[in-house]
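Input: structures, listed below.
Each of the next two complexes has chain A plus one other chain: chain B in the first, chain C in the second.
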Partner chain A sequence: MKLGLVVDLDTCVGCHACATACKEWNGASAISGPLSDYDPYGSDPSGVWLNRVRHYEVGAYPDVKTVNFPMSCLHCEDAACVTVCPTGASYKRDDGIVLVDQDRCMGCNLCAWACPYGARELDTASGTMKKCTLCVDRVHDVALPEEERQPACVLACPTHARHFGDFDDPASKVSTLSAERGGFALLDELGYRPVNRYLPPRAPPTVVPDPPPAEERGALHRLIARAKAVLAG
Partner chain B sequence: MHAAFSVLAFTVLSGAGLGALALIALADIVATVGGVELPAMPALWTRTAALALMLVVIGLCSSVLHLANPRNAWRSAARFRTSWLSREAVFSIAFLAVAAAYVAARHFAAAAPLLLALAAVTLVLAPVVIYCTAMIYASLKPIRAWHTARVPLAYLMLGFASGALLVVATLRAYGEPVTGLALIAAVLLAGAALVKLEYFHFLAGSEGSVTIGRAIGVPQGVGPPGATSVMAARLLDAGHSRGTFLTREFVNPRRHIRPMRWLFWVASIALPLLWLVAGLSEWRGAAAAFTACIAGLFAERWLFFVEARHTVRLYHGDQRT
Partner chain C sequence: MPVPIENRPLPQAPAAERRTEYSTCYMCACRCGIQITLENDQLRFIQGNRNHPVNQGVLCAKGSAGIMKQLSPAKLRKPLRRKPGAERGSGEFEEIEWDEALSIVEARLRKIRATDPKQLAFFTGRDQMQALSGLWAQQFGTPNWAAHGGFCSVNMAAAGLYSIGYSFWEFGAPDWDRAKYFVLWGVAEDHSSNPIKIGLDKLKRHGAKFVSINPVRTGYSAIADEWVPVRPGSDGLLALAIVNVLLNDGTIDFEFLARYTNAPWLVIQAPGAADDGLFARDHENRPLVFDDAIGDLTGAVTFDTRPALFGEYTLPDGRRAKTSLALAADRYLDAAYAPEAVAERCGVPADTIRRIAREMAHVAFHETITLDVSWTDVWGRVHDKVVGRPVAMYAMRGVSAHSNGFHTCRALHLIQMLLGALDGPGNFRARAPFPKPIPPKQLPAISPAHANAPLGGSPLGFPTRPEDLAVDAEGRPLRVDKAYSWESPLAAHGLMHMVIANAVAGDPYPIDTLILFMANMAWNSSMNTAGTRDLLREKDASGAYKIPFIVVADAFWSETVAFADLVLPDTTYLERFDAISLLDRPISEPDAVADAIRHPIVALDRDVRPWQEVLVELASRLQFSAFVKPDGSRKFHDYCDFIVRYERAPGIGFLAGWRGVEGDRALVGAPNPRQWDAYIANQSFFAFHLPDALKWNRFANRRYLEFAKKAGFITDIEPIVMQIWSEPLQKFRLAGEGRYAGPRPPDPDDAARLAKYFDPLPFWYPPLELQPTDDAVYPLHALTQRPMVMYHSWDSQNAWLRQILAENFLYMNAGTAAALGLADDDWAWVESRRGKLRCRIRTMEGCEPNTVWTWNAVGKQRGAWALAPDAPEATTGFLLNHLISEHLPGAGRRITNSDPVTGQAAWFDLRVSVTKCQAGETGAWPTFEPLPSTGARPLVLRWSTT
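Let's look at the complex of A and B:
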């Protein structure tokens, strides 16, 4: 099993609903919650988020586009955060999910340094590392209706830009979507073999205006000529 | 990278202590095997070794301060097979035990074979601990400035050079000229300076090959049809109104680089070298030379962090790392 997400950069509108839903679910979750906030109502609010949405301008004028870019843990197959962890708190499950055992973490930060994607955040209130759990406490929960056994970010997305599934199953929605739309992994040249896939923005339709047919052009010219005549009185 | 004071104190102080203990152990072995007398009284060497051990202990205590959750520090031996931090923890605890026994054996004038055995293990373990510390950094692929063999080389050279300076400074503080040892310390310092010079040259020379366009990876479809190369990109908004863990830890401003480099060159290299060559054996000069060296090494270690740029900075708007 290789559970992961597909993020559609074409349909993402950058509303941050995924990030907020993530904060809501995981903040109350027993897996890595609470996700502490520091000075939440003060002048310098900050806190732990497991999913962040950034916004980029891609291309050069006039072929330029805003790309909204949600990022959470990519659940790498070759997860450096797991190999560098000295206490064994970071581990990769058989279903592919990378987790931090909050009871074993000593807060040394080394896993956050080893991750090129910035997927891990230290919670200074608990002193432990927090990261995306792929909502492990939702996706396997048989008490939930089957359509709700998905990560909170996927359920919250209003434009269906996020999809959850098993990349080991070639018939799964995530596998087929990724294959059809040219899903790509982030910085795969670094060799961590991230599981999550991003779907590139679709090419904008090329609009080439047709030249007007000759007779229409003639009619327009006649019209203008008549208008001029009328105006001249 | 954010430079945490506890990590600077740990690597600088324990590096000097480890280097000094390794050199004292080496001197003991050479003296015993070669049948020559050490310069200065044995008790003075023991005192120097105890001082070095104290520096290692202070350094290791400081490293625990870096942990956000030190209650779980005892678990850090768990991943010895894959984690350099785990290896460092195991070897530094082993080193502390052996080095403490070695200093005690010296103090109580233990039998030569025992002293020799403890000295040999101390001599082997000290560079192993320094190497493990350096490899914690050098093993991190997302940080180009660290992912190079220059890093363990620099840590070893600076540890041994500052350690040798500690030995010479302590012996000279008690009025022993130790000319031969001073020469060794001067050579080590000059060697360390060369290693750092080459490292700074390496930092300035290569720009980094990973671009922001590659990081967000939007391969095509934005430009006109046919344009399939990775597009240029720039950050519009990082998605949060104030600092985050990521910006605090990785997106530090690169300021004061030049004065800090000068501080390193003058305080860590030039002043101690001058003092060594001048051959002054008086405690004030000795204390000043060693203190200057350590202060300069703090600047060097600070630079080691501040000049290193993590790949995640691309997602925060850096064009290249």
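Let's look at the complex of A and C:
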């Protein structure tokens, strides 16, 4: 089993719904919550987020595109964060989810250095590393209705730009979407075999309008003639 | 190298009592359905309700951050009274008990009501219960009531309701499931949040083209297939150039125009006469058309009529008359509206304008959608198909917030009418209780207020002619905001932005008491913020405040709270009952008539009361006739009781679901004493799904109109004929020209404005503020927008959302910045004719070169909203509002800086210059005295339910 996410860059409007839904579910989750917020009402508010949305511009005016880019742990198959962890806190499950065992983590930060994606965040209040759990306490929870066994970010996403599923199953939605839309892995060349896939923007549809009418007798005459023809018909 | 696989037991949460509740979000105006999980009675998880018609399961960043709103240290905790001797604005209060607070308000209001009810002005900001607050004001007897629509969306509402019978925002929606071409005008990240996002995904999935017309490529524009960086304020010109192309190409829906619009109605051509520009009518007052089938004039339009769309005809009495469409064609075929003529002003190449117009026409007429749905038109003819022109449009802020927004929005509706792209498959659909007659049959109250009596009608409505204005015998405004005066005749949402300035100036008159609910008038909801704050403190010669008494009802410690004499603390949306009513701003979707409720999810932990309860309590104490029995005893024991038992008309109340004594009636029925329980048991919303035959062409769909009449949405079953040529506008124009056979404006300034701006056909004019302003002095357009994470939110600077955005910059095109010697993070002076401010610069590519913009309402006053005094919101964050004047430039009479038709605040008309600061000039400016610190601010927040 290879659980992961597909993130659609064609429809992500950068609204941060995934980020706060994640913060909300995982903040009160037993897996790695709370997710501390430092100076939350002060001069330099910051905190632990397992999913963040960044915004970029590509190109120059007027041929410029704004790209919204949500980032969370990609649950690599060859996860360097697991390899380097000196305490064995970081581990990969047989469903593909990479987790941090909060009881074993000593907050040494080595995994965060090893992760090329910047997907891990140290909670300085708990002294432990936090990362995307793929909402492991939702996706396998049989007490939840089946359609809610999804990561919080996927449930919330207003443009349905996020999809969750098993990449080992070629018939799963994540596999088919990725295949159909050219899903790509981030920095694949580094060799960590990230599981999550990003869908590139679709090519804009083309509309080929009809040629304009021949210039004859003036526009008003044309209009009147067409009106009579259409309405008499 | 693959890492080892291991499974470990997962940490388990301590056993908790878990339950699920359903309610309605209030983090913005969308009113999405939410599913709330509680653990041990504490909020655990707020998610979208999958079954809800508005959000269909999704939830935005604000919705999920609702938990942080509930935990906000900025919550008010107890009624507050300004300390004796403390100045307004200082924020120095003493806590008092509710009994005393209510007694103070009751005594004050009792006296006003017994003497001069208009001395009370009651204005509500992010009010989602306007049906109650409007009724309350009407019952009190004051015309001085409105919500925040006057600086938000009235141009959209009024343009729609005077043109097509429904409108952008809450009264209509694109057919996201079927549209093949979608044009979004001036919508960045605002109305409406989740529905637009859900819709854009649907469009993308089925391959529709999405064109965004917007000077800034943020928000939804980021994923547009084509971005058209228009110059601010020129959208109307662009739209009319599209009209020019459609007419030139002859690509218009002749049948739709003939059948469903007033295109064939004959307009009297009598220059200089009192009836010039009015519709020619028969003896039964029916508008005349020329019927090509019989070769004669007729007012009795049936399905067999073949009305001529063009031509000039002689009326029986010898007068000449032309069809509406002929007049429109005369205007828009003019070279002044050709793409080449407008390209420079709009900043859009002529080829692009022409191509977009032709793409729209192609999709409308060659990618037509036909549904096998049988429906009956209003003339009784049965059709076996519904035909849709799948071009959808939507528009909001970038159109509405300009002083030419009404006509610009009318121009958009004109495109829709020409394409026949209204309430059909794939285009722009109505949401119940709309469409309504054009305009809706509700006039504003125009009789002066009387002591101890309700107002003669609703404070707000839709004038159709000068006689409907709320002015006295001398033509002076009856309302303090001058809505429905000669200055702002079609101000259907009031002018909240003018209340304070007008009341302090005593123009048209002073007031005694101002009640503000959820409106930040001392900060981001006012134009000229610093000036408004001074006005709130302005005193007369005796040392008394010119606005003698200010009551603020709010849940949070806003900047405006500091200016209150009395603060009535409200609850959060998770702590009270609410009715989201069809009598109010509906949440219906095109396929379903819907309303919703809120109910308390968490227990109150402080001494606050729902504002609704306070209104019902005051109404009962003050003996409002709708709230007491003949013997004077109270009719409703609380808000919930009121919602259940109040009937506006027999069988029609605030909530449409589960009516009837047994709760088995939908939409109309006797009060159901267990109605709240029924809503709570049904996930807090009611949706009546329309059968297919009632879903389309509702402006002329007999079965729908019959249904709408039964439901109380409309009063007559008659076609709702869309208005290309607007006779109400023409009547006001005639009044301005001194030719109207009825009231005329006494002031020549008003007369000139009416004559110019009440054009019965949409037209474009430069935004008013621009006209006298020297382009060379203030060369840049300056706009504000709300970010998606905060759009329309209250207390949005909560612990999570402010981590996403806690400061704002002035954003500008990188090339423009370079030419001004500006780079990222430079401090700059931004100056308008009103004043100047200091802020930091950020450059970007996705910004029209003549435009600068910033996030609105991120800047805060020091100490407000329980933020630390050194919070970035106060140290580097800023408000552009300081630069916007509430009045137009000029030495003459004070005239509101608003759309001259609707009174919509023209805060997007702003023009500025930007210059780099000298070395050492840093920090946001202007700044204000810090407010006293309130609320406990944890250094570290570790939120959990355990």
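The rule is short, and it goes like this: the second predicted complex is superposed on the first by the 199 of 233 C-alpha atoms of A that agree within 3 Å, B and C clash if a C-alpha of one lies under 4 Å from a C-alpha of the other, contacts with A are read in each partner's own complex, and residues count from 1 in each chain.
Just so we're on the same page, a contact is a pair of C-beta atoms (placed from the backbone, for glycine too) under 8 Å apart; a residue touches a chain by one contact, two chains touch by 3 or more.
As the structure is a prediction and not an experimental result, all values here were calculated from the model.
With both structures placed on the common chain, the touch criterion links A:A112 to chain B but leaves chain C unconnected. In the superposition on chain A, A:E24 contacts chain C only, with no contact to chain B.
Judged by the touch definition given at the top, the superposed model places A:N196 against neither chain B nor chain C.
By the touch criterion defined above, A:T83 reaches both chain B and chain C. Of the two partner chains placed by the overlay, chain B and chain C both lie in contact with A:P45.
Contact with chain C, but none with chain B, is seen for A:R226 once the two complexes are overlaid on the shared chain.
Using the contact criterion defined above for the overlaid structures, shared-chain residue A:T66 touches chain B and also reaches chain C.
In the superposition on chain A, A:S178 makes contact with neither chain B nor chain C. Of the two partner chains placed by the overlay, neither chain B nor chain C lies in contact with A:Q150. Between chain B and chain C, it is C that contacts the larger number of residues in chain A.
Residues 16, 19, 44-46, 49, 57, 59-60, 64-67, 82-83, 103, 126, 201-202, 204, 206 of chain A are contacted both by chain B in one complex and by chain C in the other.
Within the complex formed with chain A, the chain C residues making contact are 1-8, 10-13, 39, 44-48, 50, 55, 57-65, 67, 73, 181, 189, 193-194, 197-198, 200-201, 204, 207-209, 217-223, 225-227, 229, 247-250, 252, 254-255, 258, 292, 306-311, 329-330, 333, 355, 358-359, 361-363, 366, 788-789, 799-804, 806, 813-815, 844-847, 849, 866-868, 870-872, 875, 935, 937-946. The residues of chain B lying in touch with chain A in their complex are 1, 66-73, 75-79, 82-86, 89, 136, 139-143, 210, 212-225, 227, 231-246, 249-250, 310-312, 315-316.
Those residues of chain A whose C-beta lies close enough to touch chain C in the complex are 10-17, 19-21, 23-25, 27-31, 33-47, 49, 57, 59-62, 64-68, 77-79, 82-83, 91-94, 99, 101-103, 125-126, 136-137, 147-148, 152, 155-161, 201-202, 204-210, 212-213, 219-220, 222-224, 226-228, 230-232. Interface of chain A with chain B (complex): residues 9, 16, 19, 44-46, 48-49, 52-60, 63-67, 69, 71, 80, 82-89, 103-110, 112-118, 121-122, 124, 126-128, 182, 184-187, 189-191, 198, 200-204, 206.
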